[in-house]
Structure formats: C-alpha cells, structure tokens
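Order of writing sets the labels: A, B, C, D and E. Residues in every chain begin at 1.
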Amino acid sequence: MEGVGAARLGPSSGERSVGPSVGLGVLHLFCRVAESTDREAAVRAVKSARAAGDQVVTTSLLGHKADVGVMALGPDMWRLRSLQTALRLSGLEPAASYVSLTELSEYAEELPEEMRQARLHPQLPPDGKPAFCFYPMSKRRVGSDNWYSLDFEERKKLMLGHGTVGRLFRGRILQLITGSTGLDDYEWGVTLFGVHPDDLKECVYQMRFDEASARFADFGPFWTGMVAEMADVLDSVLSA
Amino acid sequence: MEGVGAARLGPSSGERSVGPSVGLGVLHLFCRVAESTDREAAVRAVKSARAAGDQVVTTSLLGHKADVGVMALGPDMWRLRSLQTALRLSGLEPAASYVSLTELSEYAEELPEEMRQARLHPQLPPDGKPAFCFYPMSKRRVGSDNWYSLDFEERKKLMLGHGTVGRLFRGRILQLITGSTGLDDYEWGVTLFGVHPDDLKECVYQMRFDEASARFADFGPFWTGMVAEMADVLDSVLSA
Amino acid sequence: MEGVGAARLGPSSGERSVGPSVGLGVLHLFCRVAESTDREAAVRAVKSARAAGDQVVTTSLLGHKADVGVMALGPDMWRLRSLQTALRLSGLEPAASYVSLTELSEYAEELPEEMRQARLHPQLPPDGKPAFCFYPMSKRRVGSDNWYSLDFEERKKLMLGHGTVGRLFRGRILQLITGSTGLDDYEWGVTLFGVHPDDLKECVYQMRFDEASARFADFGPFWTGMVAEMADVLDSVLSA
Amino acid sequence: MEGVGAARLGPSSGERSVGPSVGLGVLHLFCRVAESTDREAAVRAVKSARAAGDQVVTTSLLGHKADVGVMALGPDMWRLRSLQTALRLSGLEPAASYVSLTELSEYAEELPEEMRQARLHPQLPPDGKPAFCFYPMSKRRVGSDNWYSLDFEERKKLMLGHGTVGRLFRGRILQLITGSTGLDDYEWGVTLFGVHPDDLKECVYQMRFDEASARFADFGPFWTGMVAEMADVLDSVLSA
Amino acid sequence: MEGVGAARLGPSSGERSVGPSVGLGVLHLFCRVAESTDREAAVRAVKSARAAGDQVVTTSLLGHKADVGVMALGPDMWRLRSLQTALRLSGLEPAASYVSLTELSEYAEELPEEMRQARLHPQLPPDGKPAFCFYPMSKRRVGSDNWYSLDFEERKKLMLGHGTVGRLFRGRILQLITGSTGLDDYEWGVTLFGVHPDDLKECVYQMRFDEASARFADFGPFWTGMVAEMADVLDSVLSA
C-alpha cells in the first residue's frame, strides 16, 4: 500500500508533474535577507526558473515584513517548489507566502477568448507599472453579510459592479486575481501593478465602497514594493 | 499517590498502549528543514513507523509555513509520538501540527460496513491523487448561526446536503475527516487528496456554498503540497 | 516606602508564603525539549517538588506546540515558581503555561464534603486514565449570548445541565476545573484525564451541545498527550 | 527644519524632560531571564531608578510569558526609558510591556483630595499584599454594546456600580487604574495587589458580572506573580 | 517578456523613481537595537537620507515592542527603501513598520492651499512637541456599522465632527493622517506629536467618543515615545 500511487509521482521520477488542469500554479514568496544571502545564487534561481518556462516577478519590498518579493507562475507545482528551495538555499528566508492558481471566475464565463487567456495565462510583469502590492482576501460569511448564501445572480451583479470600479483604473493598474480556496488561508490572492503607489491606494480605496467589498470582503496582510529585476532588488536591500 | 496509575502506562513498560477504543490516532506534522536535517534519518523514521504498522503519508509543501508534511495514522498515541521524536531528531523542526482521531460521524451510523471501515481505517495515500491539502475546521456558535443549538435532524439534513457536494468530486478527490474536539484547537481535521490542485480548490469552493459551510464553518490555516515518498520529498526541499 | 511590605515577603525570607486562602495554586507548563535538556535534572525537579508536598503530573505531548507537559498543584505560589525555574534550568523551555487555582464553584455550594475536597484538594493523576488534555475557556459576553448578564438561577440551571453531560462519562473521564479569572488569559482551566483519547473527544464533543457551552463558551488552545512518569515522558521525547 | 524643536529636547541636553502635565508616567515591563542575566546589574538598575525618585515594584511571575515583572512610575518618560535600557543591558529581555499614565478618571472629579492623590501619585507596593496581577483593558464598541456611544451620565452610573463591587474587596485588594488611550494597545492598564491570589481572582470575577464589565469590557493578557525585592525575584527565577 | 518594463525601472538605472503622483511616500520603522548596533552607521543613515531631501523623524520608544522609531517622508519609494536598508545594515532590526502616503482626504477638497500643503508636504517634527505616538486604523465594515456603506454626505458630516474634536487640541497636538489602503494592513496611519504624553492620551480619548471613531474605527497597535535626534535616541536605548 505504501504510497504506490505517490511513488509514481515523485519529483525525481520525471514521469509526471502536479499542476492545475487549466491555468497556472502561482507562488508568492516574501523573503527576508540575511547576512549570508548569496546574491549570485538568488539571481541564478530566478534565471533557472525562467529557463524552465516559469514566469518570475521580483520586487523590492518596503517595511519590516520582508525584503524581497518573488511571484512565480507555472504549470507544475513541483517546479514552483524547486524555485522556493533554490531561493532558500541562496539565503533568502521566506517570511510569508501565498499559494494560488490562475482561474476564470464563474462570473466571467462569457468573456472573449483574449480576456480569458489574460486571466489563465497572464504575461507578467506589465510594462511601465513598477508599483506593486499583494493581498489575500475572502468573502464574508457573517450574519446577514454572507456572500455564500447569496444566489448566483446576486453575486454576479455585485461582481460586475466591482469590475466597473476596476475599469476606472485601466492603464494605471493591472490586476490579477488568483484562486486559493482550499489551498491557502484566504480564498483569493490579489496582485496589483500600478504606475504610481497612489494608483494602488486609490484603486483599492474606491473598490472598498463597492458593495462586494464593503459588505462582503475580508482582507489579509498587504505587501508593497517596487518591481525590478532580481539583481536590482537585491542591490536595494543588501547595500545602502 | 504519585502517579501509581501513570507508572503502569509509561512507554517503556511495554504493558499497555494509549489509543482510541475504535479507529486510529492521526498526527499531522508540518516541518521545516534546516541545514542540519539528516535525510537518511528522516527516511528511516518513516520506514520504522511503517514497519511498526502505522501508515505514513509524506508531502512536499509549498510556501513559507513548512517544507515537509507528515501524516501518520496508528492505534497507539505513544507510537505516533515516537515518530514525531524521530523526525525531530533527524533535524526536521515541527512548525505546526494537528492531533485527531479517525471517527464515524453521528450522521453516518447507517453506512454500509465498507464505508464505515474506510473512515475508521482508511488506506492512505490513495492512488493517483498527488495533490494534497489539509485544514482544520470548527462548526460555528455565533448568534443565530449556532450549529450546536440545532437539533440532530437539522444537522443531519445539512450534513447530507454537504455530502452531496462532495460526491460530485468522486474520482477526483478523496476526503478524510478526522475528529479533534477536545484534542486540538479545531473540531475536525480535513485531509484532501486530489488528482490536480484545482480539484482541491474546486471542491472546497463548491462546498463553501453549502449551508453547512456557508453559515456554520470556521476554517483554520490551510496546508498544500504534493504527495511523494519521503526521499523524494526531502530531495525537493533540500536541493534545488 | 520602597517595598517595605514586599521585603518581608521575599522567597528567601522563609517567613511567609503566597497562596490561596483556600485550595491550591495550579501551574500548567507546556515545555519544549532542546538538545541541551538534562534528563536527570528534569526528573530531580519533579522529585523535589513532590518531596516538598506538591503534586506533579507529567505528560508526553503530541504535536508541535510542546513536548513535555507538567501540571503542578500546591499551596504556595513561590514553590510552584521554584519548580518552573528548576525545569527551565534543566533545559526544558516553557512554550506555554496556565496559572489557576482550585476552587469550589458558586453553583456547587451544596455539595457533600467529599466532593468539595475533591475539587479543592484533588489527588492527581487518577488511576488508569493515561489520556490527557487541557484547555482554557471563558464564558462569552457577546450580544445576547452574555453569560455575565444572566442571573444566578439561570446560570445555575445551565451549569447543572452541563454537569449532567459530564456524569455520562463517569469512570471514563476525570475532570478538574480550576479558576483563573484575573490570573490568566481565560477564566477557567479544564484538565481532563481519560481511559482512551476518544473518551476525551466524545466528552468534550457532547458537552458542546449543552447550552452552557453552545451559546456561552469560548475555548483557548488544546493540549493533548499521555500521562507517565517524568523519566518515561523524557524518554519518549528525547530518543526515538 | 531638521528637528529644531526636537534637538532641544534630547535626553542628553538636560534641559527638559518629557512627562505628563499631571500625574506620573507608568511603565510595566515583563522580562525573561537568560543565561547571561547579570543579577547585580539588574538590582543596580532598580536602585538607580529609585535613587532618581521613581517608584519601582518588582515581581516574580508565574508561567511562560515572562519571569520578572517591573512596574515603574515617574514624572519623566526619558527616565522610565533609561530604566528599561538598564534592565535590558543587565540581560533581562522585555517580552511584553505596557505604557500608561496615572489619571483621575472623568467620573472621579468630586473625589476628596486624598483619594485624588492616591490615584495620581500612588505609593506602591502596598504593605502586606504580595499577590500581584496586571491586565490591560478597553471599553467595547460593538453593535449595541458601544461604551463610547453612551452619554456621560449613563457611563458615570455604570462606573459607580463598578466601583461598588471594588469596595467589597477593600483591605484585601489595592487597585490602580492607569490610562493608555493613544499610548498603548488597550485603553487602560489595571494593576492589582492582593493579600492572596484568590483575592485577585474573586475580585476580578465579581466585577465581571457588573454591567460595566459584562457588556462593555474587553480584556488583554493577564500577568500574575508575587511582589518582592528585585534580589529575591531574581533568586526565584535564576536558581532552583 | 521577462520584466522589460521592470528593467527600465530598477534602482540602479537612475532613470526613474517610483513615488506617488502627488504628495510623499511615508515609511514608519520601529526597530530593536542589538549588541551589534553601530551607532555611527545609524546616525549616518539618517543624515544621508536627509541630505537626499527626505524628512526623517527619530524617536526613543517605550516598551518591549521596539527601541527606536524612524519616520521618513520622501517622494521616491526606492529612497525610503534605501534608508531602511542602511538602518538594517547599522544593526537596527525592524520589528514593525508602516507604509503609507501623504494625502488630501476626499472630505478636505475645499481646504485653503496652505492647509492642503500641510497635509501633502508636512514639515516634521513640529517644534516643542516631543511626545510621540503612532497607530494605524481602519474604518469598520461590521453589520450596521459599515462606514463604506454610508453615502459621501454622511461620511463628510461625521469627519467634520471628528475634526472639531481635533481642533480642541490645537497647539498641544499636531496630527498627520496618511493613507495606506492597499499598501499596508490598515487604511490609515495616524502620527501624533504632543507637548505632553497626556495631550496624546486626552486627544485620542476624546475622539473615541466621536461617532466617526465610536462606531466606525478599528485601531491597530500603538507606538509611543519621545522625539529626539538619532544620536540622542541611540544614547537613550544603548547605554543606561
């Protein structure tokens, strides 16, 4: 019995990967640097993941929570884990993380193919939007503010209103929502790229008045920083 | 007086084990690796527990919370503790855990014997389902959403509806619910094995709309990874 | 002024102890072992506390929260502190704790003298009940579920119903409730000894349906393990 | 511009202190001992603060949260900080703390001068009350239990009832309530000195039924121990 | 694709900064000192940030949460990150932080230009106000106390009332509110400078009765200390 199925699926077997049936796995890692951080090894880890076909966005973070943000997207969870291991071995200590999958929301079934692809297979980071933030969120289930007790049409209407707010920031903000129900502590991860940090602030602030957020959203911790290549990110956090 | 009873029950006495009167004890351990982790010792710890008759499922985890997941099932809590000790001595540091027991829920009394056995004595891991997640949960006792104020028939009806959602994922998901009221911080532990990570996500997401979850479930932290043999798991987290 | 009163009360003065006017002080310590843990010193610490007249129950714990549980009962808080210090010096690191006092609840004034003594001066551990759990709890003060807004008769009735559930487990469970309002983060500590771990689970689960728990109880973290003598407990957590 | 005002206020300038316009600053520090703790230096730190005119109460604490409690009262926040620094340099590691100010509550304007002084300039520790506890608390602002939505007369009436309960413990308990709105995470700090630990428990328990607590109080962590001179406190936590 | 946009934005490129389109970025860092803290390097870090044009306010903090507070304001987030890195390299360990932006609230559109500038481009620290506190806060979205479900006029009226309380403390308190929705865990950061610590306490206490706070404010942790030049701050926390 002992793991017959599992044995066939091991990372060394080379036979099979573990990944979503559609879309990509997404791993956000928020790391602290240490004295022993090996700059070259960290840069190589990112390069190697990209060479294998994964997308990797790196950010210099502000505040005590972490120094270096790494967001990786790819079809095989083993490969994302491999990047995590390579970063840890380079001396970056993961202080927080988020595991999710790209997805097409149930309210977006009628989207044109191009927009569907942009959600399932986004191309990141977007050009000219170096201001970055990430936060996880869940829909509330509290008393009369229970999202999961609403019927589909109500939810769809609320989500459309929500989307309308988002469209006001077209050009200033690129938003990617990935799903994590059952995979991490919140139900979605929200990654925003903006031209300016106040674009991020303004966009999230405006959305908060939308009923879908005002009544039904619970937010986790927020991470903020600037997008740059890993070498530049490391420069900014390792030397003054 | 000093522990007369206790003295007879010590682990070295060999006279008696401590375990549930029906079913199995279940220990989930989520461990971080360190530089000093001894790969061989960790593999031996798992082998030794299996040799003693316990089931052990090992997983490579994604994210900062932990690197290696170990889920062990056996009739004697001393033996589960012994596995925990052996893993710690191998240099795996338990960062989180869950203690529970397999159980037949009070709503499942009429199940055929085979299904009863699958709950009390599951055979894990299932074949061909390498995507893994675990989370603890409790039933809510908040205002009018108080599960424990409902009568048995209401609860049974809600649980049957809940089970119907679960059955939609037959073949894609294997679910094991173990009981922990009085033993750990939540009332149940939920372990899911899926073909793909999006099976896990889809299943938990669909269930959230079910009234038993929408109104009455509180969830703890979620753990996600890939099932593999311990040697492969360690390879994936110790070397890039 | 500087501590005139205090000066007379120091531990080295030998003049006076600090303890409850009735009943015993109770200290639960949940400790992690380290490489430097001195097995002999830890055993001596327990022996020395018992020689001084205190009761000490030791447990091997399951899960990451702690390895060794120590529950000590005695009339002098300085002596309980002395045990804590001796354990720390032996290399056991207290990861959690609970401070409480044995007490006769206000609803139990009419109990026969023998039962009063069993609550104020319990003899622990009980014979043949090696399955252990501990959790702290408070009564709720939330909206219409406010225990402290109920009058005495209502509370007494609810507590009697609660006790009825407890009596169903006579012989399988020994329960000790100690008071900690003003002393630690919850209002009571609940220590259970059971024949089997599923006795603990079943008992706490059944009580949760009782209105006193369903509507009015908030629970803290749960600790689970097996009662044994300190030498056996240390064996189980220090060597595989 | 760069800190012109600030420059005049530095601790080395000797020109000005920073303290409340009436009453005293209060610093509660809860420290852990380490192997490197320098007993003499810690005793000197307390002696030096007293020599400068500050009051310092020291306690031996029970449980894992901390070993040594230090409560200091004085007119200059720089001097309180200086004590904190001296304690840290002696090898006591602050694990928790509370910053507050003595105050005359708005409901106590009509008190006789002696009682006003006892609140603004208390003399601590009281004689013969070695049992100590501390906890922070806030008034609730939840739904219909919103203290800050009550008018002054309602609040005053509730506080008077609250005080009546407190007076039942006169002689057994000395209570000092200090204000921390805007300064620390709760709105008040409550320091109790009792003859016996069950006096503390009984007093806080009785008050919990008072409407001002039952409906309107949120409590933070509780700290418990025994008052003694620093040398005795250190003895009790450094040697078994 | 790999970060084409990002590559142009790196900190070493010198081509472009990342900052708000109006106002300033604000970074609050709350740091612990260690034995290895390099006093000169920490002073140089502040000097260097000021030389580059950023404002830096330094504070000596009370309590265990942190020793040294640094609040920096500037137009380029990369430069704020550079200060954080320089402080870390000097051996100050950031234990907490807050990231926000100066802003003109939507209720303050009609303010005279001078007051607008005081909010977007404050000159800190103010003269003669050495008592410091900082706390983050959010507006509530709970049941009927949902700030984001109110219409603009209601919110504006409530904010005006709130401002009226604040004006009572003119001369004793300088308040700066910076926005962090989408950037950090709360929606605003509140920085107060007072003549005396009880000015801070009195001001925040009075505001709590205002409906905008009483019903709609959720507060994060509070930080308290004294403003001084970095050299004096370090003196106060590094030597007794």
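To be clear about the criterion, contacts are C-beta pairs under 8 Å (C-beta built on N, C-alpha and C of every residue); 3 or more make two chains touch, one makes a residue touch a chain.
Note that the structure is predicted; figures quoted are calculated from it, not measured.
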item	value
Minimum number of chain-to-chain touching steps separating chain C from chain E	2
Co-neighbours of chain D and chain B - touch as defined	C
Interface sides of chain A and chain B: same vs different residues, half threshold	different
Interchain centroid distance [CA atoms averaged], chain B/chain C, Å	27
Intercentroid distance (Cα basis), chain D paired with chain A, Å	44
Set of chain C residues in contact with two or more other chains	142-143
Graph class of chain-chain contacts, one of line, ring, star, complete, other	ring
Chain ring listed from chain A, with chain B in second place	A, B, C, D, E
Footprint of chain C on chain B - complex, ascending	1-7, 9-13, 16, 18-23, 25, 27, 29-30, 45, 48, 77-78, 80-82, 84-86, 89, 94-99, 101, 103, 141-143, 146, 148-149, 179-185, 187
Complex contacts: residues of chain B adjacent to chain A	50, 55-58, 60-65, 123, 125-131, 133, 135, 142-145, 192, 195-201, 203-205, 208-209, 211, 213-215, 217, 221-222, 224-229, 231-232, 235-240
